[in-house]
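Look at the two complexes coming up: subunit A is in both, with subunit B in one and subunit C in the other.
Right after this comes the complex of A and B.
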């Protein structure tokens, strides 16, 4: 059963997963090119390299979020087109079907993660790292994996619990988080909003993974 | 004989506009039960409730001895379901759809699936999203039949199919029922189709089951009578009056249900005379049943 669900989920999301796998594989090489091509003239070599990985880290973080979200939304919409009649008519408890769906999606998440790790290893093998810098290919891939899994799990839970109301709830949550962030920045340190924002974005807050370092190379 | 489906006092509501009210229904094991009703009468909703796809507000549902929705998955393991619209995954091919479906049904018969695929002219590599309406209907029927179900629940399985495909699908169904002694619950608004294959009839209208009876009774028990000097009321009549209309020459036309030959005497005792008795075909009987139920509902309001 699980194999068939995995196969179906793969067929639904294979283009998406392939696009993310290519992106994550190419990201370290892209970062290296930005740093090494003198995108930051006049800066020391190690700083240039480190700075080159900065924007790509942001791209990777956004990609992790988007990947987690789309791996829930796309299969859900395929089932939703027939009002979930097929999964509901299968002879297994809904909870079991949902957990298999979750497992299948989580397994597919691994492909872009592995691809990022391989891309990082290939890039590191081809580049000459300045002596003051160290590379963290495994750390970056794990961070990417956890971030996408976190978004995937949250979106999955929301989608399967709230159904058609999920997009509205998600939008409200995003607005609340953004408002708290803006308010925190506007009213200054020590205020409630800023403290709350720190609480969720600093370790062990649930969103701390997004505020961590997303560079392949660092000091 | 046990019942394949037993529903008691089922209630379900969707907003203010539509509700299933106090629905009770019994489908005997081995029967081919035709579930008739106009569009929007609640047939599909009843089927979804019956298979545990919707939670009832009240009432009891038992399918093949399993309480639904609690043990719907146990019942579903023995039920072949064909919904009114294509529910299969559009990105799978015919062969992949069969493989996917087979994974959930241990009794799935590969040889039968292959035989039906050839008989229905479905190519293995055809994508579900590219199937015509007829081909999609045949694929859904193939899956339901190949899983060796004890109960087939078919929601408008031939709606929109051309006569040739409709005949193919129905003959595969009849062969299956003959070979497996399965129970079939078939919902449709195509009255003549039901007449050919069903031995029980349930009629649904406005979220209520307005009649449930053996096909023989449905076919022969609904009559149109021409009556002279018709009595003003039909209280204590041994039949159910579905409608009455005035005719020229002070005659009246009554449509009655549950008519038996000996019932002329009731009219004689009331000082009336039955001048003519006409058999109604199934479609007319269906229309009269609906009309009678709607008139009664109006009067109650």
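Right after this comes the complex of A and C.
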């Protein structure tokens, strides 16, 4: 049954996954192209190489958020167009179906992750790193994988709990988070707001993976 | 010259410069954008002057009003701007900081902040909030810290240790010019990690060799080097393009130099070799990196470090710090290099706990998703 669900998921999201696999494969080279433009010819210094790969973090964080979100939203909308007849007709308890659907999507996330790893290896193979720098292609790919998994899991929870009301609830959640920051400070609870943001962005908070360093090359 | 008078002179000079540069003969050559940019700079200088005057006024009022007394020290503040809870937080933090200094260096520790004056002022923050700014000044250094309310005594105590450290380098002729940056006694390993990063990413070959573990290179990177000797002692041929980029330029009339400089930056190594000898590169290492050696020496020296620091007659920074640490110069430098490497490596760790926490959150979210069927 899982193979069948995986096949359906793949059929629905293959273009999306392929597009992200191409993006993540090209991301390290693209980041280098953006970050190192304007440098002087010759062998770049350690500082220039590190700074040159700086945009890779931002590119991959954005890609992870978008990938995790779309990998839930697209199949849900396809199901919604047929009024969810397919999942409801399966001879499976709801809990099991949802877990399998989650697993199928999470498995597909591996493709862009592997593609990022390969893209990073290829980019690094084409250049000579200064002796004091180290490359972290595996670490970056794992970080990207976990970040997209987290966004995927969050969107999945929202979509499968709230159904059609998910976009409204997402909007409300975003407003609440912004309000905690802005209004919290305005009414004199700045420290409380600061603690709230620290709680969610520092380990073991849910967003700590986004607050960590995303570097392909570092000392 | 007082701070206010210096500020008035600076603003006056900015206005005069703006007027001189904006004379009718110069005007036709300038675009509206450059004039707008200049006006913006003058306005920014004026705004800065206004803010500083207001702050100085606040401090003046604070100095003649209330006093917080703690551990034999007094902090002046304006009771109209600080609440009793604020002053209580400052008093508790001050006492905690002084206790830590005594615990670490004995009674001599207290003397580090003997000459310090302390002022607490309320400063406007976002959305009409006020934060507390704690300021201290000794004869050679000034430190300030913004604190959110309610005040955390722990942060005030760390500030006391920071202020105590700040007075160290200016009090020593051997260290004052060598490392004008603030020394912190609050045990900040993050500063050692920054020093390790600075070495690894240095544009001077000596820094990179030090990062790789060469004691000789570390010593050279840490010792004061006169400007005219820097090129030979700190850099090698692979750094020349960086030297050409970073060094101050000679007079604009030297067209041969500038044509060679352009060729050098376009990738012509012989052109770099021709002009590099004429340049005096700036110091490639920051005072912050050197300040970590002072912090390390004091940590190694333990309880007697301060006494040795004050009694030493040594005029050179590295021998002085070795004496403070109570170890040989080579041992001091090698242990410092190891500490920077360890601090840097510690920053890299954390991938496994991070992955585990994400896995945990994912399972939790999945559990929530299977909870009920949507309507």
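Note that in this section the second predicted complex is superposed on the first by the 195 of 219 C-alpha atoms of A that agree within 3 Å, B and C clash if a C-alpha of one lies under 4 Å from a C-alpha of the other, contacts with A are read in each partner's own complex, and residues count from 1 in each chain.
To be clear about the criterion, a residue touches a chain if its C-beta (ideal position, glycine included) is under 8 Å from a C-beta of that chain, and two chains touch if they have at least 3 such contacts.
Just so we're clear, the structure is a prediction, and the values are computed from it rather than from any experiment.
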item: Subunit C versus subunit B on the shared subunit A, clash or fit after superposition; value: fit
item: Contacts of A:154 with subunit B and subunit C, given as first, second, both or neither; value: second
item: Partner chain(s) touched by A:1 [first = subunit B, second = subunit C, both, neither]; value: first
item: Which of subunit B and subunit C A:12 touches, first, second, both or neither; value: first
item: Superposed model, angle subtended at subunit A by subunit C and subunit B (C-alpha, nearest 10 degrees); value: 150
item: Contacts of A:89 with subunit B and subunit C, given as first, second, both or neither; value: first
item: Partner chain(s) touched by A:78 [first = subunit B, second = subunit C, both, neither]; value: first
item: Touching partner for A:107 - first (subunit B), second (subunit C), both, neither; value: neither
item: Between subunit B and subunit C, more extensive residue contact with subunit A; value: C
item: Partner chain(s) touched by A:176 [first = subunit B, second = subunit C, both, neither]; value: neither
item: Subunit B versus subunit C as contact partner of A:162, first or second or both or neither; value: second
item: Minimal inter-chain CA distance - subunit C and subunit B, angstrom; value: 8
item: Complex interface listing, subunit C residues touching subunit A; value: 125-129, 148-150, 196-197, 199-203, 208, 211-212, 238-239, 241-242, 245, 265-267, 269, 344, 348, 350-351, 353-355, 357-362, 365-366, 368-375
item: Contact set on subunit A toward subunit C in their complex; value: 40-43, 45-47, 50, 94-95, 98-99, 102, 130-133, 139, 142-143, 146-147, 149-150, 153-154, 156-157, 159-164, 182, 185-186, 188, 190-191, 194, 203-206, 208-209, 212, 218-219
item: Complex contact set, residues of subunit B against subunit A; value: 51-53, 73-74, 76-77, 79, 81, 83, 85-92, 96, 99-100, 103-105
item: Contacting residues of subunit A [partner subunit B, same complex]; value: 1, 3-4, 7-8, 11-12, 78, 81-82, 85-86, 88-93
